[in-house]
Amino acid sequence: MSVPIIEVAGLTRRFGGVPAVTEVSFTCARQEILGIIGPNGAGKTTLFNLITGSIPATAGQIHFDGRDITGSSPDQVARLGMIRTFQAATIFRHETVRENLRRGALFGHIGRPSWLLRGSVREASRAARERAEELIDFLGLVDCAEQEGGNLPYGRQKILGLGIALAARPKQLLMDEPAAGLNPAETREMGELIERIRAEFGIGVVLVEHDVAMVCRTCSRIIVLNYGKLIANASPDEIRSNPEVIEAYLGGDVEDA
Amino acid sequence: MTAPWPAVLPHCCAGRHMLLAQILSNGLMTGLVYVLMALGFTLIFGVMRIVNFAHGELYMLGGFATLILFGNLGWNYYLTVVVAAFGVGLFGVLLQSLLLKHFIGRELSGMIMALAIAITLQAGANIIFGPEEQSVPRPVTGVLDLGAAVVPYDRLVVGGFTLVILAAFWFFLQFTRWGLAMRAVTQDSEMAAVQGVRPGFIHPLAFGIGSLLAGGAGALMAPIYTIYSYMGELPMLKAFVVVILGGLGSIPGAVLGGLLLGLVESFFATMYSTTVATMIGFALVIVILIFRPRGLLGRTA
Amino acid sequence: MHRTAIATAAALGTLLLAAPTYAETLRLGVVSALSGPGSAWGLAVDGGVRIAAKEINAAGGLKVGGKTYTIEVTSYDDKYKAADGVTAATRLIEQDGIKYIFGPLGSASMLAVKPLYEQNEILALVNSYSDKVLDKNTKNIYRVLPTTREFIEPMVKWVKQHKPGLTNVAVISPNDETGWASQALQKEYYAKHGFKIIASELFERSLKDFQPLLTRMIAAKPDIIELDTTPPPTAGLIIRQARELGYKGAFVKIGGPGVPEIVNAAGKDFAEGTIVYVGADASDTKYKWLESEYQKLYPPPMNSFNVFFYDAANMLFESMRKAGTVGDVKAVRAALEKITPFKGMQGTLSWTGKAYYGSDHQLLVPVFVGMIENGEEKVVTKIDQ
Amino acid sequence: MRLAAAVLILVGLAAWPFIYDQPFYVHMGVMMGLWVALALSMNLMLRIGQLSFAHGAFMGLGAYASALATMRLGIPFPIAFLSGGLAAASVAALVGPIFLRIRGVYFALLTFAFGEVVVLTFVEWVEVFGGNNGLFGIPKPSLFGLQMTSRPAFYLFALTFAVLSFIAVRAIYNSQFGAVITSIDDNEMLTRSIGIDAPRYRLAAFCFSAALAGWSGAFYAHYLTFISPEAFGFWTPVNMVVINVLGGIASPWGPVVGALLLVPLPEILRDAKEYQVLSYGILLMIFLLFLPDGLVGLARRWRGRWRAARSAEGRSAAGLEQGKREKRAAA
């Protein structure tokens, strides 16, 4: 396979001596859907925040698309093409759906005030409007395009959040608990959406998730964390039969995935 | 700017320790008044998250209360201070329940409302009492000569009153139910609310006590300086610096910050000039706000 | 003075006499500190002019050139600040069309409005201690109040004669134009008469806590603390805080009279024995009359600024009578310059100033040496100049 | 049609001082122009959710820079005027990166302290700034040798300055730059997560706002021909905030309406001197309690433009906190 899009080597993070993530290493290939699971407090979210640059790493390295992004800020990482979504539906509540998506598409181009002086802004804003239209159809938000984000039902707000990330034309998506706060039907819909994104846009996804069933259904490969250490990195089937994973979940109900 | 300090005192090198003692006593006395002002200010911010720009005007009301009660009506001075303090305290409760109640938690709008109150009070005083500086006859005169330093009796009275008020305030915080409730609200208002602390009661109480402290400071300082409508501006400034030094919302911070600023200012003002001392006060604020926003003893903002 | 619409932005523009001088009313303007720190003096300026005008109106109005004028005084507050001074002067000159203005009081305001007065040829009777007010090409501005330069020498000489033992002098003045100018004079004349200047301090006008500054000053062991042009209430505070810090020496205040405020702020016992420059003898019967008139106008105690501006107003009226006109400012100005020696309320007044300022636009008045005794201002002697 | 109406109003505004030549009201017009620009510069700061008390100092820096450039360095007026804004902006660029990391009330206190230190420097450094006395005899503005002394000419200068400031600020709000800074104030975490370098945008807004205050200072200096430190103290930014709150923070029209209402107030109440300040305080209280969106917000609601009003309300004084609460909830 080609050079992996994300390479994490020996990533460690301690909060005042308490190790949250220790020596985690893995790679993620292009267009792959990789899941990260583990019991509560296993360090999933910390790992996620380390990769997206929200919190600095104590040790270890992160490479994205062949570049070392260790210690970069969230907006630098975003401008390189790795866009994240949030656990809670995070959108511009007072703006219309269309404006939310337009901003998603545009802000990648005008990351810094100096970029506004480049000639390409006019052309970029036209492309942004087109991108917004495209995503309104893709995400099925045609009927509520003019509504304010804050007034949408929670499920659709999360989809809009994902839409904003997609609008920014990411090379790689990182999703923080996409299924959080969704009912089973919405969770299934979110899983299918992620697969459609990979199929139609060729964008790989790394997602952190509690709903193991949804992860096994959607992801081609799964990483399992426990007490901040990586204990498994394999396909969903191998993970289901891995004794260490079962023991970590202490009889967690892995069978009925 | 006068020359660096050794050259400033050509005549009495022997007097150097004398001078330091005098600087210390000046600094302590001023510092105690700063503590009184800062305590009220930080309590109000701690409980209501509002920067009380009208704090200086509450100090002024204390001053004018002394002018009327002690100056014109000839009441006993100590009675005047107590009545003035509680009067301004009640006025503070009124201000909170009528105007500031709607701004709890809304920091910026709350600050602008406090500014509006400050402008109105100052202009009102200007209309009623006129623009000139007025004085009241000195209740306490004479000087306590400690050999190395000289402390005017009236400053001692102010210091004494401040210590009494601080002790009462500390007792209130540590040993009364309301005091405990107020400390809880300062630490975490949501958690306190969950525990059944009714903000509807604690907030007016906190603002009332804050006003009482400011009114008391004004009443105490009125005879020492002059009384005029914009007399609250400078003490307000000092309360700012002290509270940021000690940590916004931190009560022990206000005490430490007040004494520290009093001494630092007294030293630099005597050795160099008052403007240098003021500049140092502000420079401290800038440095602290940047590198340690929660101040020396403040909790994380 | 109305500018026609087509007037280009050329420099001065001609003096259009189309100013609407109503036949029967003479309008006088006052720009002074009616509120804020300098209001004790500012109100006295306004009071002096108003009392003089009231006196004339009561006696049937000002008879000039066959007509009788009732006098109307319009005064605006400059809050002792330059910005408000210009706004006030602009309003008097351009909106009210007034040609004769008294004040401003403070140096900052005065220097700010000076170009306005000169450009619009306003006959202005001002005070302000700064020595930048009058220069060789000053045409329209006259200072009717003695500055430190005019009374410092007789005062210092008197102190030398009557207080032989005192040599070390420390000077304290406000940190602005007024203070800089007067402090320089204090140092010059005290040194000239055998005193030794051992310390000099400048303070911000808003300062109240003088303990640090006085601790430093007293450590230098002065015999005299010269309070110079410090405003009276602040001077009182300084005296009290110095006494509290153990200062036993003498206080002298050559400049900015205002004994009631000093005694009020310092307390009777601390202020005892302070030597002050006094503008006018308060025990004089005419002064008492002026004081009673003044109390009807403003609450704060009267001070000698009132006398100077009462005399100045009368000098202006007398010049108008001599010139036989009210509208022609040039003629009134010419008469004013020849009006002295003029019999003022408490002595003869005369023009001076050519030697120091370049033009004889500075009024010289008799100097009174005063002493604070038992909280009262007692005039010790009168020195005619 | 709207453009025609705008041009007509502009011509009317420009012409009246020449027809109805009442000097004092022309003086009012000039001061209104000045305060429109100052209020707009504060509006920009409120738009990024960071009320600044240093803008009096920035105005002072602009004033002294321009005055000293013309008086002591003999620089022609147009360049000196521009240097006023640049001086303020460069100081803002110097302190911005550190100050802007601090938010809300702490930022207000920090800028307050910074403002006081700058004013104290004006007072203490007498050789350069003239101390408490300030600077006198600042030359009147002159364009290509033609000195602007007549008051109506000054009024034209003030009018153009105010209109240009309004157009500039409005252009910012309507442009992509405006969308970014509104997004940052609305939800900074989300805006950063899609690629916006928020600190740099905030710095750019801070510098432009300081520049606008600096130009206003330069204009003020050359109009009054003298400046003194206390004109640039704490009360100047307070007045800017009052104008914004009364006019309405949500739109650039707020500062314009606020300035037109508040600037003449002290002069109208001239004869009742002390009541001017009292009316300021009471008006501010009333608006904060009952009309948080100011006059413009009120006008919008009357005209029934619900959507605009609702989205504007998101950033109004009342909404100033909603943004905060949301951010706290989302963080």
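Order of writing sets the labels: A, B, C and D. Residues in every chain begin at 1.
We take it that a contact is a pair of C-beta atoms (placed from the backbone, for glycine too) under 8 Å apart; a residue touches a chain by one contact, two chains touch by 3 or more.
Fair warning: this is a prediction, and the values are worked out from it, not measured in the lab.
**Q** Of the chains shown, whose Cα centre falls closest to the middle of all protein Cα atoms?
**A** Centre-most chain by C-alpha means: D.
**Q** With centres defined as the mean of C-alpha atoms, identify the chain lying farthest from chain C.
**A** For chain C, the chain whose C-alpha mean is farthest off is A.
**Q** Considering B-D alongside C-D, which chain pair is linked by more C-beta pairs in contact?
**A** Contact tally favours B-D.
**Q** What is the distance, in whole Å, between the centres of chain A and chain C, each centre taken as the mean of its C-alpha atoms?
**A** 78
**Q** Counting in whole Å, what is the centre-to-centre distance of chain C and chain D, each centre being its mean C-alpha position?
**A** 38
**Q** Cα centroid separation between chain A and chain B, in whole Å?
**A** Comparing mean C-alpha positions, chain B is 52 Å from chain A.
**Q** Express in whole angstrom the distance between the two chain centres, defined as the mean CA positions of chain B and chain D.
**A** Centre-to-centre distance between chain B and chain D: 32 Å.
**Q** Give the residues of chain A that touch two or more other chains, as numbers and ranges in rising order.
**A** In chain A, no residue touches two or more other chains.
**Q** Identify all positions of chain B at which a residue touches two or more other chains, and write them in rising order.
**A** In chain B, 126, 131, 275 touch at least two other chains.
**Q** Any chance you could list the residues of chain C touching two or more other chains?
**A** 34-35, 204
**Q** Drawing the touching chains as a network, do you get a line, a ring, a star, a complete graph or other?
**A** Drawn as a graph, the chains match no named shape, so other.
**Q** What chain pairs are in touch here?
**A** Listed in label order, the chain pairs in contact are A-D, B-C, B-D, C-D.
**Q** Once bound in the complex, which stretches of chain D touch chain A?
**A** Checking each residue of chain D against chain A gives 175-177, 179-180, 183, 186-187, 189-198, 200-201, 204, 310-311, 314, 326, 330.
**Q** Would you pull the chain C residues touching chain B in the complex into a rising list?
**A** Chain C reaches chain B through residues 34-37, 39-40, 203-204, 206-209, 211-213, 215-216, 219-221, 233, 236-237, 244-246, 261, 264-265, 267, 269, 299-300.
**Q** Give every residue of chain A touching chain D within the complex, in rising order.
**A** 52, 73-76, 78-79, 83-84, 86, 88, 90-95, 103-104, 106-108, 110-113, 116, 121, 125, 148, 164-165, 167-168
**Q** In their complex, what parts of chain B are in touch with chain D?
**A** Touching chain D from chain B are residues 1, 49, 51, 99, 102-103, 105-109, 111-113, 115-124, 126-127, 131, 237, 240-241, 244, 248, 275, 278-279, 282-283, 285-286, 289-290, 293, 301.
**Q** Which of the residues in chain D end up touching chain B in this complex?
**A** Spelled out, the residues of chain D in touch with chain B are 49, 51, 98-99, 101-102, 104-106, 108-110, 112-114, 116-117, 120, 123-124, 238, 241-242, 245, 274-278, 280-282, 284-285, 288-289, 292, 317-318, 320-321, 324-325.
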